[in-house]
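In the two complexes that follow, chain A is the common piece, with chain B as its partner first and chain C second.
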Partner chain A sequence: MTEQKQDAPLLEQEFTVEGGDFIHAGEVSSKIKRILKDIGISQEVIRRTAIATYEAEMNVVCHAMRGKFRLAITPDKLVIVVQDEGKGIEDIDLAMQEGFSTASEQVREMGFGAGMGLPNIKKNMDDLNVTSEVGKGTRVEMGIFTEQ
Partner chain B sequence: MEEYFHSVKVDPERCRGSMRCMRVCPTEAIRIREGKAVILEDRCVDCGDCIRVCPERAIRSVVGSYEDISKFKYTVAIPSPSLYSQFGMGVSPNQILNGLKRLAFDDAYDIGRACEVYITVLKEYLDSYSDNKPLISTLCPSIVRLIQIRFPDFMNNLLSLEAPRGIAGSEIKLDKAKELGLDPKEIGTIYITPCPAKMMALNQPQCKSESNLDGALAISDIYGMLFSSINKLGSMEELHNSTGLGISLSIPGGVITCINVDNAVAIDGIKNVMNVLDDLEHGKVTNIKYLELWACPGGCIGGPLAVENPYITKIKVIRLVQQFGRERKIKDDEVNKLREYLSCDVKLPPLPIKPLGRDALDAIKKVKEREAIIESLPKIDCGACGAPTCKAFAEDVVQGRAEILDCVFKLQDKIVESSQYALSWARRTPLSFRKRGKGTKIN
Partner chain C sequence: MTLGEMKDVLDAEVLIGDECMDIEVKDAFAADLLSDVLAFAKEGTLLITGITNPQVIRTAEMLELIGIVFVRGKKPDEDAVKLARIKKVPLLSTRYIMFETCGRLFSSGLVSCMKRVEND
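Here is the complex of A and B:
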């Protein structure tokens, strides 16, 4: 019998989000939510993850050309990595502040871009790591423990 | 008590497996097995969308029968407010109540009165409600069941107040019984319903541990008799004694216009409701104080057991509300007297659809299997396997409810594969037979 590595994910799933596609925005978060319900993750963790993935998805839709979501489930944790192709974030510390947004007027008129995206992810997940390269894209890694 | 009571049932004698029900079911609760529709009890919310589309009328709502009435010493009909708009413009609520009473009842209760109490108490309830998630209306039992199974996170946001039909039942069973000197058990309270969901709620009460409604009759079942009873009316009693407030509850937005609260939204149609609840789960919708949700498009007048076209009927509802006004007629002391009938003594349990596996590991294994199966399917949702979508089929396979070869495309692949195998054997005929006559050559 081969021994499984401690942090090897039990399940990995990939999803793609198109930038600017407001019609289908939210579908990836719904799919992730469905998988978590099917696995029997606790309601509280699902609730928090659903909010965080939705914010991340909207960030891609509002700011990037496209993004890839990778959901990994390890024995004790859910990890979601979002890698987008877009303009990137110049000042990550600033972007983490509530109310800061670079969203266009058009996006704001639709009720998005209130500058709550990253702060809201941080509030709901147990850890969050954002790295970005201006002109190329942003990588958001967020994790939440399944036992709260 | 059964874990799930359902009023919506398939009559296997009539069912020819047309799949229409399976395709419209908003919660994917129907499968076709051996040519007959089968309802998955843990998913059905008794909305009755399947009843509307069945070409064989094989899906029915099991409501009470007319004979039930004779079981009681004294019976009272309690019509849903939607009954008031099921007849022509010239037919008044009072005529309808009188016609109803003469059918076979000892009395007909004007539900407008219970609606007025309900709205009054709801207003107070809303004033003291401070959760940041919206308060969700519980008038529609299908919505309550939908939240129990699909959105258990919102269980705490369900309005905990008895619906007008229950208030009516209690008032009749308790107050009227005293007045008549009867045991509450000797009085039969029969709800005249536009939908199967109310029948479900009657058997699995949402608020009181024991329902004070004894049975239900479908509007569609009594319509013909009621119609002729109304036509034959001579002198009438004053049975209708409420304003238009109660009648307005039969259309979406009716409650909201009565309670006059900001940031309240009415949504009808179960799929629309599911979309909004999904958005709520994502934290997308904020600042809503009250959500009025209806499974049926058009609200109660759009119920699958209502008779008239809901869009035409809506005009009559609006006219009746204008005619009788939206003020409440019931006095404060009467509201206080009935108040106890509105408080709930049961807390509904969440009934979430079970995870795919016995435990997390098993469930993860099955999620993986399901995703792999979905990838291998044509994803055209043809339905021939008896499941509404390829995705639902994949789930049925991992849960042992179906086999992969139930997919006609998979079966075709299998046939191609096995015939190639057979062909390879056919080619291996003995050497002496290799050269055959024309026409028997195997390519």
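Here is the complex of A and C:
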């Protein structure tokens, strides 16, 4: 029985993002983009994934204390799971609506907090699953097929 | 229109990317809201903005934008310039306000990356 399990990832990597660190915000997305380029993922998929991971990374920086990004690459799909420690989301349906935001004034002055983050992740990825526990943190799982 | 021609039209200063002036610019997007840039700008689009923090460079990197024009005489902060140099994002600064900048570029033949948003 040499057959590999279908969903066993070819590559798995973990990254940490610190909440409130606006100077380094985006570095993890940049690293993930680099990895996807190096392994020859198509331009379109890289771009869509980069936008989604950057939105997710800004969410952690703006709203949480810290977050872990786990990138898993299988033969037909990229899956990124973001688990943060933070205040969580009270109403996920509301958070998924364009224009809804709880971002601080500081975040808005930087050009974010327009309530477009999660909707933009949804637009760019093939699937998105958000779960949250208030006072504990939020888990965002997003996937995209490598062949579009 | 090339970045160099755009520099002339906007009487702009090149902050990063003197060697990129021959690059052709196909279309543009203008906003001070990075959330909107991330949602609407396309690959290779020129960004016209008044936002000067490092996140604007990150946004350009993620979207693979062709370059950034800062309006109203704004200049990016040191961290942003450093990052732009590493990521090779051309940066220009013009004293024209955003409306005038867009108008001048549009009159010179540069088009929008999208005309309008879809209906809900």
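Structural remarks
Heads up, the rule we're going with is that the second predicted complex is superposed on the first by the 146 of 148 C-alpha atoms of A that agree within 3 Å, B and C clash if a C-alpha of one lies under 4 Å from a C-alpha of the other, contacts with A are read in each partner's own complex, and residues count from 1 in each chain.
In this text, contacts are C-beta pairs under 8 Å (C-beta built on N, C-alpha and C of every residue); 3 or more make two chains touch, one makes a residue touch a chain.
Source: prediction; values computed, not measured.
When the two structures are aligned on the shared chain, A:74 is found in touch with neither chain B nor chain C. In the superposition on chain A, A:50 contacts both chain B and chain C. Looking at the shared chain after the overlay, A:59 reaches neither chain B nor chain C. Of the two partner chains placed around the shared chain by superposition, chain C is the only one that A:117 touches, whereas chain B remains out of contact. Contacts of A:138 after superposition on the shared chain: neither chain B nor chain C is touched. Looking at the shared chain after the overlay, A:35 reaches chain B, while chain C stays out of its contact range. Looking at the shared chain after the overlay, A:23 reaches chain C, while chain B stays out of its contact range. Residues common to the contacts of chain A with chain B and with chain C across the two structures: 26, 29-30, 33, 43, 47, 50-51, 54-55, 120. On the chain C side of its complex with chain A, the touching residues are 32-39, 43, 51, 53-56, 58-59, 61-64, 79. Put simply, chain A touches chain B in their complex at residues 10-11, 13, 26, 29-30, 33, 35, 37-41, 43, 46-47, 50-51, 53-55, 73, 120, 146. Residue ranges of chain B in contact with chain A, taken from their complex: 152-153, 278-279, 281-284, 352-357, 359-361, 363-364, 366-368, 370-371. Remark: chain A residues 22-23, 25-26, 29-30, 33, 43, 47, 50-51, 54-55, 58, 110-117, 119-120, 123 touch chain C in the complex.
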